[in-house]
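The data blocks that follow each hold one structure.
The two complexes that follow have subunit A in common; it is paired with subunit B in the first and with subunit C in the second.
What follows is the complex of A and B.
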């Protein structure tokens, strides 16, 4: 969109090191970079070392089952240039293994652990791939698109109708919940 | 629940012992646990244990309409819910190519700053309580209640406001509201000297908090620390100023810093931010009457709204640090993916573990409260 925003010379030098890399400014301080997955650790190393992108804001994972891919997005922020680079890579869903960037950015440890738990992506070299949130969960990684949480609930739990006495008393007087839940259409 | 997770573990004889700190403990914010290994009262290892507040928000959001999720997002962080709404709404506006009218943006700033103040009053009151001083906590809660009264009047909700919608805010200010905001601001400002006497310059508290949980600027940057905790190490970075959103670029405020990087410095930064927030709210009160216009832009039928395909990464400065939403739309009426990056994702796990290691047991609670870690934000 905002193609006229100029890259800083260091950023331009870093990005020109890689083949098959595309970038565009999505707004004044947001640069989207798409690159092959094997080039990402090297690019982050250059971004951090040469261009001053010291802060890993987050790693996001998006599941694209139709393409057979996981998309990993590394958001890095530069305190000096006040610019955020979002580096997008795709890795195959099967086997879903990628390299850890923990030795570059320590916060990656938690984000990788979270993605491992929720999507089942394994990060080689990450210091800690133990479960954090779903300690007692043996099922499939729940954030994958094929995991249907509502279906899981229907299979494993029974619905209970909630009709306390006080509600019936109110209803006898003409009040209470007049629309049945199944009649609510959104 | 599995029995083996709750059984005593036989250990070889050792001078070290393990202690479960939480998940139900007055020194822990929310339901969260730290498993600490102790030698005497010295912490030799600490491991964060979360998940007690996991409600699966990110998954739930994928199954609900764009607009329905507004009732979910504030619940991701209980003490400071406003930035969640704003961040999510701004993200939708970004993908959908909408722009909130100027008046709505000022109203959002008002909501955000009031929420920041409420959260800070909560945070340093809680910090004081971990050192055995309960009066600042009660005072903070009582003063926070005045802000909640304002929220109730403005939005209808005291804790969860659900005030924002994509494209603007739900309602305009009631008659005479700004006068009441001003009087609450004057009152809180007049209370600051009392807080100073009771807490911030109280030698008991200063001695107790100084030198506890110290991190220097380099460590803070390496560990991904943001917000007041980063500013307490001397780096003046604030998303509001350096990556501005809404109308923050038209507002005058300073980014207060401290140098020491310990629990005391972190709390002092929050106290200074309270002053800045009062300053911002006063500017909003002054400017708002002269800003005409609608409080929201027209949006399609929210019950059948297919947002164009796209993605965005929106960031705001919450009271705890950098809050970001990564939102992906595939052109449907529901989000394809929402990733919530709360500031506590770093503060409550790696940073807390690192700072707790080597500290003394009685300081662990203080470290957690001084980081203002918010467990529901980690668990989501």
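What follows is the complex of A and C.
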């Protein structure tokens, strides 16, 4: 798979430094790289310093509870090559600790703080792991797959009766709600 | 009616057309106002995240009575399309008294104006007096607020003192939740003022 991909010489030089890489273009300007988690900081450093990938667009996190993994995806963009590299790594869900790349890309501080809040992944060396958006939150990290959002809502909030006039008009004519949300819920 | 349109969520996008030349709310006596202290109406125009709700309550308590709250959009009624979300408040009337809901996702400017006129009529006939309810049942509202923000929750406004001052305190003004508040409530103090001259600071006697 790897040989079929035409790479720019700089990118080729960077990727050839590492063993155990898999990469393919997912679209014309988007290269997906899967690599072992311990190789990522070195690769980002080379991408930034040698290949001109100056901009960290985002860090995203995917929860794979069945595999016991978190997948971290580092999206770095090169203005010179007009090309995005998505570096995918897997880290074990427990303890869920990884290294910060704040020293390479300063925007990483925000992304890491956000991922820490939403998934509970701790980034060693990140400048600030305090609460970010959910300032009042004291529950489990809400974007983990095992978090039951609906159960949480039912425990913490109340509902009010809502009978709009248009529904009453329909019911007067013998109609009404035929399919309720709870009937089609998965 | 001066409305503070503190924009939360998406419904605020319907207010510029309602205010400007197409529908021109001003001809009906409805105007936007820039500060809560001079506004009569608080418009909540959509979903309120828990973080925003804090600010909404602070804003509401700063407004001078009589004051009215309009919940625009389905999200303020029962959470709307965010009903399953852990991050948004569902029922606005749990946390502050709401005089009027304008349901819809989102309501068109005609609906907003029609709702405003209903509120005007309710004010004229004396039906809209939910702001008193905040003083009379403060314990209930404070309890719900504490449920979301934790027991340490305190606003800069002393609602109980206000209720006593205006003679509006009722049996529900004080209760177990206000007891909790009194345990940690810090009295408000004026901020210290310092004048400085070329690096030296001069203490000002208050």
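Simple rule for what comes next: the second predicted complex is superposed on the first by the 157 of 186 C-alpha atoms of A that agree within 3 Å, B and C clash if a C-alpha of one lies under 4 Å from a C-alpha of the other, contacts with A are read in each partner's own complex, and residues count from 1 in each chain.
The working rule: contacts are C-beta pairs under 8 Å (C-beta built on N, C-alpha and C of every residue); 3 or more make two chains touch, one makes a residue touch a chain.
Small disclaimer: the values here were computed from a predicted structure and weren't measured.
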item: First (subunit B), second (subunit C), both or neither touched by A:164; value: second
item: Touching partner for A:142 - first (subunit B), second (subunit C), both, neither; value: both
item: First, second, both or neither for A:84, with subunit B first and subunit C second; value: first
item: First (subunit B), second (subunit C), both or neither touched by A:60; value: first
item: Touching partner for A:26 - first (subunit B), second (subunit C), both, neither; value: first
item: Subunit B versus subunit C as contact partner of A:126, first or second or both or neither; value: neither
item: First, second, both or neither for A:48, with subunit B first and subunit C second; value: neither
item: Subunit B versus subunit C, judged by how many residues of subunit A each one touches; value: B
item: Which superposed partner A:153 touches (first subunit B, second subunit C, both, neither); value: second
item: Touched partner set for A:134, first subunit B, second subunit C, both or neither; value: both
item: Residues of subunit A at both interfaces, subunit B in one complex, subunit C in the other; value: 133-136, 142, 147, 149-150
item: Footprint of subunit A on subunit B - complex, ascending; value: 1-2, 5, 48-51, 54, 56, 58-60, 63, 65, 68, 94, 221-224, 226, 235, 237, 242-243, 303, 312-313, 315, 322, 324, 326, 328, 336-337, 339, 341, 345-346, 349-350, 379
item: In the complex with subunit A, residue positions of subunit C that touch it; value: 50-51, 54, 77-79, 83-87, 89-91, 93-94, 103, 147-150
item: Contact footprint of subunit B on subunit A as seen in their complex; value: 26-27, 29-30, 54-58, 60-63, 73, 75, 77, 79, 82, 84, 86, 105-107, 109-111, 114, 118, 132-136, 142-143, 147, 149-150, 186
item: Complex contact set, residues of subunit A against subunit C; value: 133-139, 142, 147, 149-150, 152-153, 156-160, 162, 164
